[in-house]
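One chain, chain A, links the two complexes that follow: it is found with chain B in the first and with chain C in the second.
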Partner chain A sequence: MDQRAPNLLDEALGLVDEEKTKPWPLSSRVVLVEDRVETSGAFVLHHLLKRALSPHSSNDVVVFLAFSQPFSHYDRVLRKLGCNLTAQRENNRFFFLDLLMSEFPDGDEENKDGLVALYGKIEKVVSTSFQENKKCITIVIDDFSLMEVAANGSTNYVLDFLRYCRTLTSAFGCSLVVLNHEDIYSSIERPALILQMEYLADILIKAEPLATGLATDVHGQLTVLNKEIRDEQGSSRNKICNFHFRVKENGVEYFYPGSKT
Partner chain B sequence: MAESICRALRDGALQGEHAPALTIKDSIVSPFGFHVFTHLLTQLSSNILAAKSQSRGLVLVAFSRSPSFYLDLLNRKGIHVASSQKWIEILDCYTDPLGWKDALLASGYGGSLSNEASTGASLCRNVKDMDKLYSSIIELGKGIVGQGKVRFCVAIDSVNEILRHASISSVAGLLSNLRSNDRVSSIFWLSHSDLHEDRVTAVLEYMSSMVASIEPLNQSAYGHRCNWERLPLLKHNFWKGKFHVRFKRRNGRVRVMSEEFYVEQLAINFRSISSEDEIVNRSLLPKVQFNLQLSEKEQFDRAKVVLPFEHQGTGKPIQIYDGRRSLTDGKSEAEPVSTGILQTNENSSKGEIIYLRDSDDERPDSDEDPDDDLDI
Partner chain C sequence: MKPTTSKSTAERGLYPLPIMASPEGALVVLFHMLTFREVALSLLLLLGSLSFLSYWPDVHNLWLAGVAGSREPPPKSESPASTRSTKAKPVNNNIVMATSKPRTSSFSRNLATVPSSTPGLKYGPNGTIFISSGIPDLDKILGGGFPLGSLVMVMEDAEAPHHMLLLRNFMSQGLVHKQPLLYASPSKDPKGFLGTLPTPGSSKDDKSRDRDPENENGLRIAWQYKKYFGDNQYHFDSNRDVKHEYCHDFDLRKPLEKHFISGQHIDCVSILDSPNLAALRDRCATFLAQFPRNDSSISSASRIAIQSFCAPQCKYSNKEWDMVSFIRSLRSMVRSSNAVAVVTFPPSLLSPSFSRRWQHMADTLLSVRAIPDEDKEMAKLLTGYQDMVGLLNVHKVARINTQVPVILDATTFSIKLQKRRFLVLESLNQAPIDSSSGTSYGTSASCSGSSKTGTLDF
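And then the complex of A and B:
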């Protein structure tokens, strides 16, 4: 399979660009990936990571906030996809913030200070990269629910953190990609956190199991809601896309429901 | 209807009364409140620029978007922000609402200041302080219109953000202080209703003279979260919805009006409830044995029926019997009565009443007194 062939996810996100003339379409945008325990949405993050670090766009910088997996995990996954994270890290294109063991100190003020310091780190990386003329910066948070855990469950502070990260998207044209789990909020009547995130997001990607149950050939469905379509030519693009996917060892197959032979 | 909101915001407040206030509320199922907000903002801005409105300036309190976003937006709509006379001030509660960046900068940790600073918006570094927020809004407004009696408008793009940092009572205090300030011409704010308890939404609605609520075209029966099982329907209808506006008059009269909207190319468009839906509604009426409505032909035929008490002058002038002359056609009418048919009319385009006598027992009409057997 040709790795560069655009797939349905790229199309839905507007990443298809043959001439490589347009700027990174996700810049200044917030992408929220929502998944469930049955269907992990991690492959979407891997895909976006690979696209952001692809050799065709040499200006890209990724700041990765890892709350859920160690570096070696991402390194192995991305290597299968044909992207060497270790090399990228040495080239200062991939900034990996290992927050796996991090726990912000207990107590209201200290808790906040921990998040402020983390934000400061990100801002520093972003602004120095920006000054080095690396304009396409992607901030990835994997995943947000664990960040809430690290912040001792303080929803308000992590939302503040997210807001501040969002100011970077408007100030520096960064893109912000956040993964969160939808079903852990399902029992709450007013899941303010996930709703706030959905309001914030410009692009919402939902990974869900099939409504009809388990299948061997189809691992789940993706729904992409592209809220704001920036189209200067006025050509209409699909605003809500829905397709099935199958996660393979070295890539993901995307296809429309019923089109797989 | 969106226009009537614009008009109300444009016309402003009467002397000695609260400024008209508008709550725009939406939910995640149809999250287009911000589109309505920007629509009203541009309308009001062009009114202010054309000097059609009571207010001469606008203070925009930006929580959810950066000031440069708004400046771009207004420029794109052909409204020139950088005109000779300053008419808009943006209070920037977006860039550094909690003073984190300031603290980082002070400790020498943070990077350079962002390029937001160049937009000329005034920064608010502590949105938790309602008194400070209030005084800076009023100061910015007075900075535009100067001292005197000239008023200005206030727009707040997210009440939810304030509510995250302050209690509902202090936010209500801020809004009501703004409303009752005699320099404020009108005020409007956006609120996502599903982020808070119902009572918070109710409080905001009590304080506003107009409430614009945005609802999806097909109200989901499954609760307020997006339901992707209805996706085929959603694909078509997500960008459309219903727009209800509730006006509260001074005397307590409440009027609700509805419209439809659709979002296209980042702009929101309004139209009256389409007749397509009415046809759908009509066909949804249960099928019954009798007609509730007459068809056009039936209505026409019905209009042609000559009722028995009407003068049936067949083209001739109507003569009313005054007791002195005998009616000329009295004889010809008496004849069919005896055969049981009241009237046979050759002119088929006219409606007719056919009367069949049940039996000969039934006495023909006569001048006899029907009560003559009574012993009065």
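And then the complex of A and C:
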């Protein structure tokens, strides 16, 4: 909860806000979470989801595109983090789009229609929420690689979809959080998809296993690249943070390498 | 008789509260099937009467006397009735003697003893339900088995049939539990494979397993402690009641008896000649549609086994997007039904990028590898090398309804055949000499698809 000391991830994302006066710092930004087979980055999504739905910002809305898990999974995980998704869904703050089974099959028109219809759904939620004076809208895509599979591998269409979603971030001040798997593309010569995604992203979060292998008290390391931090002078610069983490049921511990007691 | 309990009763979940004195002085012996809550309640009662009488020192003395007077082992089986008559040993003070079974913590969760109406199902944490993999050791490694709704992928060794060992035991276990099965393989006659399934045998007669219940009769040192053993060892007390066993030991040399196969719901599909995967997807969908997920009551679990999914003799094997799309839909379908799907595939036949995609989709990811017969160097590095038939790697353990990863002590296990019949998994033991190269061997034992092989360089 927010009463606790802010953790390193929040600091790196600029989510630390003592007075609760500033607007949601991730608005109009794209966050890309990359993970690997050995280290899942899903906990970052859960954390951001919980932050976005936290009771302090009761004007926030989350649109969740679930390709990876059913609702019951997220519900149970978030409940242990102290956030009731079922209640939030009833309050119209959490819009869950179950895309586990949906396909956007091959064939030009059909394919585009599938994704276009999906985008239309998102846009409708976003624009109505915007009219209802909701402060910030977060769009979360759990597992972009599965979306690619659902579109039967047509990279262009899913990238178009992503770009459309990105226009929402500038038009309505939404934030867009996308999870993808880095190691899928590491063996491809010119991985257009992941390169474009990294280019589009304002904040890049990488979850990697430790180089020394698995350990019980350190589950991996996070690298947060925050592009274009504006400081007081108005100049912009990149900020990189690197720290270790340990995932627990009710939260995640973050600590600098070697500082775990 | 002695105020101790025999192992069998303790294991069945009886919490004996042998002697309980009411303040009036009458001795009452309680020996019933008590739930934990009842035990807690009666303990509270006991404490209440204790404080009422305030005879603490005497209780202590009596307890010591009871221990000292009970040096000989208790009889193996003891009917509750006889216990009731003999247990009422006169106690001089009108006080209470509590020799009920101490628990490590009153609030510890006793997952293994959650009663299940259906055999072959076990309740796990986070609302998951496990079914057995058919290999007791694998169940233990994975924390209980395969959770319902999960997709298990086994990466094959392209040159050895070790994945078949896992697949056979998985299928046999399902048939023994009368769970419906769908089996797809790239062979011409998949039904014939059912004839090669192993039958449940009992490895209890060989004494190599420690804590053998057969040893109970003999004299043993510190026999009183044996009631603490095997609290969570679900399959050790299983020879008493074969019907409700969660996980069997399978005798790989005997084929499964006919009555397990006949009259059961078994679908066999050959994926050899189908030009695309639509047919297989439909079969899986209709198979799984019979077992929708219903959290309130689980009648039965079903199993899907797909062998060598991307085998090159299949006509669709060059359509990588079709295959990955099938895996995705299979995963989604399994998620919403009471089933577990095990898919084996040779990762070397896929492009590295797609192999990664498949691995990401797996909930539980295993890989098997053969080891060469005569490898002098390895034989030097590992103890018990002669008995090994292969290596099993656990890359990922299913993480359903939780975000916490399961970190195992060891991820590489040796596959051994005990008495050439029973499949056992053991963590690798390095021979004491030359430990540095032993470590590097242990890590490079991960499968070819794993990226860790590259980054680790000792």
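Just so we're on the same page, the second predicted complex is superposed on the first by the 248 of 261 C-alpha atoms of A that agree within 3 Å, B and C clash if a C-alpha of one lies under 4 Å from a C-alpha of the other, contacts with A are read in each partner's own complex, and residues count from 1 in each chain.
To be clear about the criterion, a residue touches a chain if its C-beta (ideal position, glycine included) is under 8 Å from a C-beta of that chain, and two chains touch if they have at least 3 such contacts.
Predicted, not measured: the structure shown is a model, and the values here were computed from it.
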Message = With the two structures overlaid on chain A, would chain B and chain C clash, or do they fit side by side?
response = fit
Inquiry  = Let me test your reading of the model: by the given contact rule, A:Ser72 touches which partner, first (chain B), second (chain C), both or neither?
reply    = second
Task = Would you sort A:Asp160 into first (chain B), second (chain C), both or neither based on which partner it touches?
result = first
Ask   = So, A:Ala211: does it touch chain B (first), chain C (second), both, or neither?
value = both
Ask   = Counting only touches as set out at the top, which of chain B and chain C does A:Asp183 meet: first, second, both, neither?
value = second
Ask   = Where does A:Val247 make contact in the superposed view: on chain B (first), on chain C (second), on both, or on neither?
value = second
Inquiry  = After the superposition on A, what does A:Val16 contact: first (chain B), second (chain C), both or neither?
reply    = neither
Ask   = Between the C-alpha centres of chain B and chain C, what angle is opened at the C-alpha centre of chain A, expressed to the nearest 10°?
value = 130
Ask   = With the two complexes overlaid on chain A, what is the closest approach of chain B to chain C, counting only CA atoms, in Å?
value = 10
Overlap of the chain B and chain C footprints on chain A, listed as residue numbers = 211
Task = Spell out the residues on chain A that touch chain C in their complex, using ranges where they run on.
result = 36-40, 42-43, 46, 69-70, 72-73, 76-77, 80, 100-101, 103, 145-146, 149-150, 152-153, 181, 183-188, 209, 211-216, 219, 247-249
Ask   = What does chain C use to touch chain A in their complex?
value = 126-127, 321, 324-325, 328-329, 332-333, 335-336, 351-353, 356-357, 359-361, 365, 395-396, 399-405, 407-408, 411, 443, 450-452, 455-456
Remark   = Per the touch rule above, chain B residues touching chain A in the complex are 28, 31, 65-66, 68-69, 94-98, 100-101, 103-104, 109-112, 114-116, 160, 164-165, 192, 194-197, 225, 228-229, 231, 234-235, 238-239, 265-266
Query = Of all residues in chain A, which touch chain B in the complex?
reply = 116-117, 119-120, 123-124, 126-128, 131, 156, 159-160, 163-164, 167-168, 170-172, 190-192, 195-196, 198-199, 206, 208, 211, 223, 225, 227-229, 231, 234, 239-240, 242
